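What follows are several structures.
You will see two complexes here that share subunit A, one where it goes with subunit B and one where it goes with subunit C.
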Partner chain A sequence: MSKYPVACMGKFLLLILFACLSLGAARPEIKLEIRDHLFLPSELVVPANTKIKLIVYNRDPTPEEFESYELNREKVIMGGQKAIIFIGPLKPGEYPFFGEFNPKTAQGKIIAE
Partner chain B sequence: MLLTSVIIILREVLEAALLLTILLAMSRFIGLNTRWFLLALALGGLGSIIYGNNLAAISNAFDGTGQELLNAGLHIFIYALLLITTSLMVINYYRPGCRLSLLKWCMLLAVMSSILREGAEIYIYLYTFHTQPALFGSVLKGALIGAGIGFSIGALLYYLLLALPERHTLLITCILLTIVAGGMCSQAVQLLIQIDWLPSQMPLWDTSALLREDSLVGQLLYALMSYEASPTPLEVFLYAMSLAVMALTLGFTHYVYRSHAHVPAVAH
Partner chain C sequence: MFIDRTLMFPLLPTKAWLAPLTLAAAVTVTPLVAHADGQVVDRVYDPYVQPLEKELEWRTSAIPGKDKTWGGEQIHHLGLGRSFSDRWFGEVYLIGARDSERDLKLEAIELEAKYQLTEQGEYAADWGLLFELEHEREENVWEAAATLISSREWGRWTGTANLAAIYEWGDDFKNEWESELRMQARYRWLPHFEPGVEFYAGQDYRGIGPIIRGEKKLPKASKLMWELGVIQGLTSDSPDQTFRLLLEYEFF
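On to the complex of A and B.
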């Protein structure tokens, strides 16, 4: 009798775990590179209304700060490192981002559609 | 390079300068010496260099969420310190000299954390260019100009606060610090959304057509209260909660100490 609620809770926790895992798995991953103070590619098309895992690789030896006012994100990425930034869900539209340390060259945008 | 450097340094300096000057003005108002402030500057500067030198390792910690967790932690820590600081200021208004060393320590830690957060970015940015002599000159010049503008705005606010009629100083300082503290919470929430620790949602509204975040006023408002053109419902809720908690705490402290202060007067 006493085991029943425990088993029930266990099942419930497993269910939540699977739900989380499946949500995590369904989340699209998008890769972006920084090379010679440029974002490659400089335009990324992503599905609208979906949460996205953005992975930014800094291939330069120097640090860069990924920054976007429209996406409300900012993160310093040291030279030769990668950064994971979750973005979205986004309404359809264009979301510019830039490298704060080299804003003249490091420009890009995310297009949600 | 010059203009980029001015903008980056100005943004970072301004964010810390507002908090620094309000606390420094308050310290002067209460009649504390400024030793705590100088110590906070030194510790914050030293901390920035250590943080900056270890950023790669910190960023990679906790599955690549170390940078956000540390920064969010610093923001929440500053919020808590400001809550204690402002409450003690209100208490001191009615009971001069009450727990001044605790007040000094809270202000010291708040200033140190704020410098640590903003200073590390300045350090990383400047350190990148120190190996490129061709660019370093103009970067440094830009940095000095940016820092100069930032400190000037701070100085302006400092003298403005000290020039206020004394009976308004406490109220206005508490309001400003509550706004700054709310901004700290809102930045922490945003960082936790960025690493998926808090759920992300569609923005509740978008005021970027009215006031762009990268405009001059937008930047000033960002430094003061973390102005965000398109916040999510969770951000708005937690921001409002952080303001409400602080305002209610201060209101309650004020009420309790004012009535205590008046008891002997009524009894006589």
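On to the complex of A and C.
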């Protein structure tokens, strides 16, 4: 066995990578705020079967982690900053999320319909 | 030109049942790709990095029995890591080994850096890079590796592939290039119980077997994650079974 299969694989994977990066189509954007350790709004209605760009603004000075097992997402958002979280396409239903650093207050859900 | 179908799965349609089928297809075509020796069963990395995150990790892979080739070999990694930004994560490992004739002792030190290339869910697949540098103390052998990490979801299934290019060099050592392929298909059933299957390929090794993974949330946003797997060797040059266990404590 030579090293050439690895080189071919590398080129092939880079082609796939560039192809993927060029597929970034415009998606519905939804804004969410973290303020006083609460998610505002706490309920978001999104279209089902569509990929969504969720922009989360953390208005608190402390970091927060957006977490949802149902959405398979976790993302730390530093204080005073924003983060982009891509979710879906989701089947119709409810998908809870919470703030890992303040789980008692920072709770919400996404409703796909 | 050789094309490895196993790593095309990030572009396939969103069908949950494709994940295990893709892994099965991988088993049949990867002998043409992988080229590495040593103990290949280790862990399958995901491409994600969280800012502020720190972790303490212990993982081991062990070959039971006392046959002459493998001799009950165990390799232990003890690591401490932290993220340096929302893209970079670094970790330092102490690597120990033992077998039926030798007690456990420190054999190598490894530095590791992971870079998250794309946001999770932004494209058809999520991508990352892993860079590793390892020094075996007694034999003065160095090993550098660059690994391309790819992951994507099919409903509750998550498929992850690691393709590594490795270069080894040393004083009394034949310098060589190697490659490894590690793949995992995992069903996200419950946070504390996610069954899956893994496939590993190196030059002389092919192995496949079941794994379970889970995590338990702990106070102060910390959590304990575990993985347990039994990988069955597929070739005459592979040990019959390799057990692997990983415990990872993540905290902020």
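A few remarks follow.
One rule holds for everything that comes next: the second predicted complex is superposed on the first by the 87 of 113 C-alpha atoms of A that agree within 3 Å, B and C clash if a C-alpha of one lies under 4 Å from a C-alpha of the other, contacts with A are read in each partner's own complex, and residues count from 1 in each chain.
In this text, contacts are C-beta pairs under 8 Å (C-beta built on N, C-alpha and C of every residue); 3 or more make two chains touch, one makes a residue touch a chain.
What you are looking at is a predicted structure, and each value in this text was computed from that prediction instead of being measured.
In the superposed model, A:86 lies in contact with both subunit B and subunit C.
Look at A:48: by the touch rule set out above, it reaches neither subunit B nor subunit C.
Once chain A of one complex is fitted onto chain A of the other, the partner contacts of A:104 are limited to subunit B, with no touch recorded for subunit C. Legend: residue contacts after superposition of the two complexes on their common chain; A:40 is shown touching neither subunit B nor subunit C. In the superposed model, C is the one of subunit B and subunit C that contacts more residues of subunit A. In the superposed pair of complexes, A:78 makes contact with subunit B and with subunit C alike. Contact with subunit B, but none with subunit C, is seen for A:62 once the two complexes are overlaid on the shared chain. Once both structures are placed on chain A, subunit A residues 51, 63, 65, 69, 72-73, 75-76, 78, 83-89, 100-101 are touched by subunit B and, in the other complex, by subunit C. Those residues of subunit A lying in contact with subunit C across their complex are 1, 3, 5-6, 8-10, 12-13, 16-17, 19-21, 23-24, 51, 63, 65, 69, 72-76, 78, 83-89, 100-101. Of all the residues in subunit A, the ones that touch subunit B in their complex are 49, 51, 62-63, 65, 69-70, 72-73, 75-78, 81-89, 91, 100-104.
Taken together, the subunit C residues at the contact with subunit A in this complex read 1-4, 7-8, 10-11, 14, 32-33, 35, 50-53, 86, 117-125, 127, 148, 150, 153, 158, 163, 165, 177, 179, 188, 191, 203, 221, 252.
Listing the residues of subunit B that touch subunit A in their complex gives 4, 8, 55-56, 59-60, 63-65, 67-68, 121, 124-125, 128, 190, 193-196, 200-203, 208, 212-214, 228-231.
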